[in-house]
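Encoded as structure tokens, here's the structure I'll be asking about.
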Amino acid sequence: MSRYPYPDLQDLPEDLRARILEVQEKAGFIPNVFLALARRPAEWRAFFAYHDALMLKEDSGLSKGEREMIVTATSAANQCLYCVVAHGAILRVYEKKPLVADQVAVNHRKADIPARQRVMLDFALKVCQRSHEIDEEDFAQLHAHGFSDEDAWDIAAITAFFGLSNRMASFSGMMPNPEFYLLGRMPRDKK
Amino acid sequence: MSRYPYPDLQDLPEDLRARILEVQEKAGFIPNVFLALARRPAEWRAFFAYHDALMLKEDSGLSKGEREMIVTATSAANQCLYCVVAHGAILRVYEKKPLVADQVAVNHRKADIPARQRVMLDFALKVCQRSHEIDEEDFAQLHAHGFSDEDAWDIAAITAFFGLSNRMASFSGMMPNPEFYLLGRMPRDKK
Amino acid sequence: MSRYPYPDLQDLPEDLRARILEVQEKAGFIPNVFLALARRPAEWRAFFAYHDALMLKEDSGLSKGEREMIVTATSAANQCLYCVVAHGAILRVYEKKPLVADQVAVNHRKADIPARQRVMLDFALKVCQRSHEIDEEDFAQLHAHGFSDEDAWDIAAITAFFGLSNRMASFSGMMPNPEFYLLGRMPRDKK
Amino acid sequence: MSRYPYPDLQDLPEDLRARILEVQEKAGFIPNVFLALARRPAEWRAFFAYHDALMLKEDSGLSKGEREMIVTATSAANQCLYCVVAHGAILRVYEKKPLVADQVAVNHRKADIPARQRVMLDFALKVCQRSHEIDEEDFAQLHAHGFSDEDAWDIAAITAFFGLSNRMASFSGMMPNPEFYLLGRMPRDKK
Amino acid sequence: MSRYPYPDLQDLPEDLRARILEVQEKAGFIPNVFLALARRPAEWRAFFAYHDALMLKEDSGLSKGEREMIVTATSAANQCLYCVVAHGAILRVYEKKPLVADQVAVNHRKADIPARQRVMLDFALKVCQRSHEIDEEDFAQLHAHGFSDEDAWDIAAITAFFGLSNRMASFSGMMPNPEFYLLGRMPRDKK
Amino acid sequence: MSRYPYPDLQDLPEDLRARILEVQEKAGFIPNVFLALARRPAEWRAFFAYHDALMLKEDSGLSKGEREMIVTATSAANQCLYCVVAHGAILRVYEKKPLVADQVAVNHRKADIPARQRVMLDFALKVCQRSHEIDEEDFAQLHAHGFSDEDAWDIAAITAFFGLSNRMASFSGMMPNPEFYLLGRMPRDKK
């Protein structure tokens, strides 16, 4: 399906190959985004540096599960198949809630989540779809549910970064690995 | 989550109860739509009569799996959680393709389906979202992929009927049974 | 204009023919929807059973005129020629207000109707166009104007059912009978 | 309904009063637009000068009925109650087709009009809603149906002028005179 | 770029030529709108009479700069190149703020303007894009910031008139004179 | 205007400070984006690494001016004040065309650019607004105007990256430096 051929692992620069092998070791497979972007190493490095700065940092007011919830909901708004399926899987694993990814992808207003997360996703979807209309009332809503301005930045930055990712995946025909579809759906799933 | 309480099975008219028990016997649980609508028996009867006329009939140019694919894709366009999850499950079971439901729900253009089904979903989504713009070119597209005018009626009627269902489910807060989320996702799943 | 030929009355199952002749007796002509859908008797029966359950029942908090007002306003939002013209006519007859149908079809905010009906149509149009966004505030608005939860169900179900009807009429090229255009426009019109 | 009070006829400048009395003489009533705008004579004069230049000129490739058809269809797209009702009436009178105004107001694609007028309305609606996207293909469509570049200008200018009119009527709460609703609906109606 | 040739100055009726020469004298060049519309003198006269009634009158609650601000913001919403560039230039000159035109054209919510002007543009953009939804709350917003009902009329009429102008310019391919792009950008610019 | 305070230069990590001083040296001022994002060094580093990989690389089928044209047009579609003004300036400088930035920001269809660049912007705007609908026909359009698949990747990636930038700038209230507004507008401007 992908329009752009994936490079062979052995042809990649050492830093890319090392990271990819590490991911494969941990996940049991190589998520396609690592290969799809690897044909352009400079962009690949910037992409994953950005990803890690937002998604892996420890000192955030958002849990890792909440961050994946933002990715899943906004990627669904952008109709990005790769990100909905891949990050929906990670969301299920982190949150240990097998149903939540489908819920926030279809309609976050109906999802079985606390008010705090509902408001977090309202903000994320506005940044995703109408960022030029964000104003002080949106921040006030966040504050009323315990989010700080730094948390707001996290929500916005994650939304913005995966908006980039969504467009790259959709334009290039990146397909989610079959493994993602089932991941985290059984109660006994471990990360 | 549902705003409207479900009636007790024993308080229902006999015909409703019989059908519901039959479904429970077959599926192992009672899909919530059967209980959610049962508080109004006359509407319940019309709803399921319509459903059966479209979804269960044997002499259609569309397979039962294709009909569920239409439901899944158009319900996603309407952001109806109940129908995407419940009919996505039935779609997986009928088509024996564990990935297809998520694919057509997020973006049918990227789904791993033949051109015939892509065109079928294009038509369904236009009926769903811009039925007033349907014209002869839309029928010509269908004909070019082997669909008859009767098939076009089936696609349109299924889309229209589940547009009704989507609005009832969303407005009333109908939630999909947890069983649906996992159904048909393992290759070995049998109906 | 209709793509799909109408069946001959004498070829129809007895129950369809009987109802159609009864309508013709009462109205002086056969509204096209009765013939257009009759080519598929099972769907016809479900359609009119649903219609009757919603539009003819006596124990509703909505008058019959209000129900037709919902149909007219939401069908206009869906740009369905058949339903705007046919149900606009019935609305004029029921409400004995020759101007109201055109008003709610073009812009219900400018119609000469009480606040209660304005709020009723606000809710109907949201169910019609953004049912996934319906939330408790929408119900609170209805309650503030004297509508019960059962009335809300009526408004939503009528909107949902005629959303089905709109899509069937538009897709199949169903044209309103010429008689509808003038019906109820003269103050002396009787039903 | 109008937010802005209408001036008394006797308080108006002579040229306004003369024209208004002339219209009243001819139509049997004073269309509200003449009074609603008269509170600002300079704007009134420019408005009707523009109106007359477009709608009354004799040397146009568009019949007067076609011009009113453009007004009716584009005013419906702008949901302007006054213009849909008032110009729909004039359209019926000019074209001697009692059904055509409702048809083009609800969905011009389903109206019982020749292909030439369908294409004329396609162009008008694009100027109305997406004028920034008008390009050579739109002109080519018009040419293919016999319209000249001068006719294109007429279609665009009528659309643009009534877009102004629509906004003034909607913003100020201008209501159509009751007489317009029935005008031209009976085959025997004369202007 | 313009599809429609401009007439020669010497072929124009005396009143058009006189006004055009006067403008040229004052501005140093002939803004293209004067020539583009001159091929139809009756429309030209009505257009500039309307323009002058709104934009040149002295007894308005809006400064001339504020009126040009409305034109710039709503023309940007309509993606009209001619009006954004030409009226953005006049706005800079009147307001003596070299940055404000670009700001309101791209996103008036981020412009460096007082709350009063932000609310004025909110109203203008609603009249521009959703005039059928204008209601009492919109007027209340204006009143709360010191605008009268006459000011509201000014805002709406300017928006409506330039909506006409935008459509004429875009449809006909009217291009802004190069002089406009730079006008008023240097602090020392005088009118 | 910015909600988030800018850090002091002397408090920044050495690599950030060095780059910022270098930019200041070259441009004569520090573009606000360098300071606005610097409060989070890890994100800053990834952002500018991505930026440089796309915008500074030498072996692209797109000139640097064309790349800035993509940024300007898509940032206008996202109504991002900072990026329209800042990158519009750089576009004017690179292309030595003082008018082109305003043209592509308001309506690229009317801009004075060759067909090749018109098609490039059509593709960019589709990636920006409807990336889920990109299909083979879009690539065929590009190929027909001499763009390779690598060029398509460049267009998409620049659009995607600045979609991220647009959302960060709008959400955080980043304002363009006054210097950008005038840059490149005078024919004699040098970079």
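Observations on the structure shown:
Think of it as A, B, C, D, E and F in the order they're written, each chain with its own count starting at 1.
Here is the rule we use: a residue touches a chain if its C-beta (ideal position, glycine included) is under 8 Å from a C-beta of that chain, and two chains touch if they have at least 3 such contacts.
These numbers were taken from a predicted model, which means no experiment stands behind them.
Chains making contact with chain A as well as with chain C: B, E. Although chain A and chain F share one sequence, what matters here is the overlap of their interface residues, and that overlap exceeds half of the numbers used. Once the centre of each chain is set as its mean CA position, chain D and chain F turn out to be 44 Å apart. Computed from the mean C-alpha positions, the centre of chain D lies at a distance of 24 Å from the centre of chain E. Our note on geometry: chain C versus chain D, Cα centroid distance of 29 Å, whole angstroms. Among the residues of chain C, those in touch with two or more other chains are 79-80, 107, 110, 132, 170. Chain contact summary for the complex, chain E toward chain D: residues 3-4, 40, 42-43, 45-47, 49-50, 52-54, 57, 78-80, 127-128, 131-132, 134, 139, 149, 152-153, 156-157, 159-161, 163-168, 170-172. By the touch criterion given at the top, residues 1, 76, 79-81, 84-85, 98-99, 102-103, 105-107, 110-112, 170, 173, 175, 178, 181-182, 185-186 of chain D touch chain C in their complex.
Of all the residues in chain E, the ones that touch chain A in their complex are 107, 109-110.
Residues 132-133, 135 of chain D touch chain F in their complex.
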